[in-house]
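Let me begin by presenting the structure, written as structure tokens, before commenting on it.
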């Protein structure tokens, strides 16, 4: 099977910032992403869990973008502008994808 | 004033309060009892719709007595000014950064709709009437406190985002505000006929749903207290009890000046005394990300909410009664 | 015919319609109000069970008047033939690919159970009786349209999967069909006694739950309209309004030929006029993945559903009344 | 004894049983009908709260007749000793490893609260009263069986974790136990007044919610049976039917010795006959991870639960009636 | 700690195709996979979100398979046969796993 | 954008063991992790799904930790001690992260 090199960027960010992030990504020309729910976690600002919560203040989502390697920097710049002042982590891994024409 | 204590004692053994305590104790004792997030949200949608709708129906029945606009204005003014008082108190009592103090202040200027609902239930149980449009006042008080707090931060050079058009939209079209106002309008438009149609879901089962919701809030509050114990200084806890009393006093004055009914005065006090834990926390994460979210949420949900629920509301009811009797 | 307009106006200020509008407006206005997916699914399980069960109870009470089999047959025929009409109309009105046109056609041959429920509510409100087994007819009309649409695609050389045994099973054992038929059978077997046992959940609160569900549908429809605005041409919107009227006409003829009661005729019209937004979209994703899902869903949920809910149902009721009066 | 068969037949056509069967058949037939996890959990929270609360209210009304402590003690003894019987039976009937046999034994020593609720409903339908505190007995029987099973494993050298303080806490503060006891206490403290306040949610709609929950359990049981068919030998299935009868007998003896009312005896039998499928499975995953979870869950939910629901409960009711008549 | 090389394959596919995919994987001899829920996303066919949705038509899931490197091609062939006509992305990363005997 | 090498450790473990795992991680000095919900899966112990389930016995969660490469072994030791007797998989990938000061 034909595979093509790509970057897998995973951004774990506060739920309230999801719309801000995906908008910034779109504006930076990122054409695809997938949002996964997050149940809980722990970091420097303590532990949290979504259980029983109504408000969106304490909660995060994981946004996954697969992109061509040459577009990585544009994406990171856009993501960083949103994440900068906020709670969140950004993680990049090397990957291979099928159907590269989609990215 | 034995009445207050009796009322407080009666209040304490209602299923509503006991459900909250059950949740609190379970979470502090590290039980794994918990509500799925979707259920908690579902319950809150039900409560907001029910309270908004019934408020609207009541307005459609009694008619607008001309005070609605004045009451809305008063609510906005309270929501705008209480954060200033809260901020001053916080800076005096606890040594917080400008940002943290302002974020907490925003919570206390805004309102907690569950506290409002619990007070409504208690009033209904006592046969004390209140203006149906107080729900609209509640909705009006949700957001202005946010503006006020951001203004404080800018004025004090604490950084913070200026209010962009986008942020305005996000705050004003917050789901809970839209649902509350929307269902209020639906209740107003459909009136008693509408209530007859859908009352089977929103009237009889209401208090039971409130119980379950308070059980969940107890669980969340308890877990918050357990995890963030260290962030709460004694001074902050004191603030979490003093501030609602200050707010209630302001609400009392406004309520009397407006000429609200005794129940209406109580609700105005409760709105002013209560602190947001849904709309404002989310707005603060967007607008003041540097503020520590654990601080304000733990204080609002873990200290002020239980205080209002158990002692505050009976106290405010007694105060409103004394004021109504003219015995200042 | 002032009756129609009166009816339409009355219909418009029911809490059910207003809830849908609230959702629509909130979503178009970009409020973040939303229902968790689990709650939306829970509400739909409740509604399907309630409507199936009560249909079954009603059949157990009135007995089968021998027309059930004929009505089921008519439903299947309508569901099989309406997609052909829809396909022809689509190819004439909007210039869509064979696949897209067939996918949309499948939606319009099948039915929307919420539209059916709303019509039932409205009929009950007017004191107009309808055959309890119309629920079974609704279930019978869910799937045939899918077969019909796939057949069109194959006939037109548009690719598409042939119906494999697996796909058959997937379509016929679709959750909503199984739940509707299953609860119908339970209602039939347990009758009035069963209703007395579990009516406390499925009768009084019913309309309120329908309200909340329609609020959610308004939110989803509004978000769909907002996101997919560009995919909807004016010609498509026109189809979304013309096709239900065509369907309703076919339903009217079948209903009268079958000798259904006036309420039954209205429900037959509503079933024919309404377009699926749960079962068929999922089946199309499996069987016709090349079809654009946004197109059919936006049309069905964003155009035809609100049309039927607000204007369509009163119109069909008026038409059925005229037909019943014999004043053709 | 035609009464038993009549009772069993009546029981079988109740909406509750039929809902379970619908779920079972749908899942075995591979329908994609399913409940979201959050909804299933929400329904279980509702049921636990309702049953606990109403038990407490009933105790507050009738007063404690001094037998509560004795009944609690009996429950703990049953829960401790039934696993020993189950373990022996399993080793004799099916050739399982010590660990697997002990894990299953723990399930059968503990209880299934839904079976208890179904029996309560059936009793109420027959107008047979039962002690309100049987809910507390149910709660008391949840955990001891776990201790017993772990002790068996250690005694038989089968490995397994010794009971650490942490594990103790995890078992005793299990969500369902806390909720059941907590709501029982709330019901006890608030009494009839509390019931009047929140009965609108917890009384009338109760049976309907039970229906939906059983529909979900049917789906889960059917899916379990379908996926894990191969793990269930005929000998295991036989155990799944013999063991509840053995348990029921033990419960009958304890119930009579305690001098419980006829309804109380039935509930004691049902508790002893039923097998856990929420609390114990989770505890076993922590304490006996080597045990095959599919084995015990499929047996408990797929064999014993349907047996009790359909045939067991009427059988136990008949046995209790004979015993009450003194015709041993 | 002893780790062993493996491939991590992440397939984001339409929810209605989940059963079809996992069946194809099983038939191709893949013995383990994990399915994660997906909340929303964006791609060439526009933006979507699961919020408030009842039907399964618009929704995706993420299927994660850890496999021995030598079995990658078999898996990709099986996955591709399902994904081919459908909306979805396939992403492969190099990984290390504990307890290789499990794969 | 400045990125820093890190390890991305993904532990898919039984839901009942979540608290045990995160506690072990904390004790081993891991300061951050994120927990994702899991809907279903398949492995040597058969297929499972969370649909309609009330109990937590059959269900898993995915715990994701981003850590500095030099801390990997400590983390794996801690994780392994919990996972050892339990159902679950551990997968490590090389990654890059933004804002390394956070890890």
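When the chains are written out, they are named A, B, C, D, E and F in that same order, and each has its own residue count from 1.
Criterion: contacts are C-beta pairs under 8 Å (C-beta built on N, C-alpha and C of every residue); 3 or more make two chains touch, one makes a residue touch a chain.
As the structure is a computational prediction, the values presented were derived from the model and not from experiment.
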Touching both chain A and chain C, which chains are there? B, E
Same residues or different residues where chain E meets chain F? The copies count as same if more than half of the interface numbers are shared. different
So the chain most remote from chain B by C-alpha centre is E
Measuring between mean CA coordinates, which chain is farthest from chain A? D
Cα centre of chain C to Cα centre of chain F, whole Å, reads 45
CA centroids of chain A and chain E: separation to the nearest Å works out as 18
What is the distance in Å between the mean C-alpha positions of chain B and chain D? 41
Which positions in chain D touch two or more other chains at once? 32, 34-39, 41-42, 204-205
Note: chain A residues in touch with at least two other chains are 36-37, 49, 56, 93-94
According to the definition already given, which pairs of chains are in contact? A-B, A-E, A-F, B-C, B-D, C-D, C-E, D-F, E-F
Tell me, which parts of chain A touch chain E in their complex? 1, 3, 6, 8, 22, 26, 31-37, 61, 64, 66, 93-99, 102
Chain F residues touching chain E in their complex are 10, 12, 36-44, 49, 60, 62, 73, 76-77, 79-80, 83, 89-94
Note: in the complex, chain E contacts chain C through residues 14, 16-17, 20, 45-58, 85-87
Within the complex, chain F is touched by chain D residues 34-37, 40-41, 44, 216-217, 219-220, 223, 227-228, 277-279, 281-282, 284-286, 289-290, 292-294, 297
Quick one: in the complex, what on chain B touches chain D? 13-16, 18-19, 22, 25-26, 29-39, 42, 125, 203-209, 211-212, 215
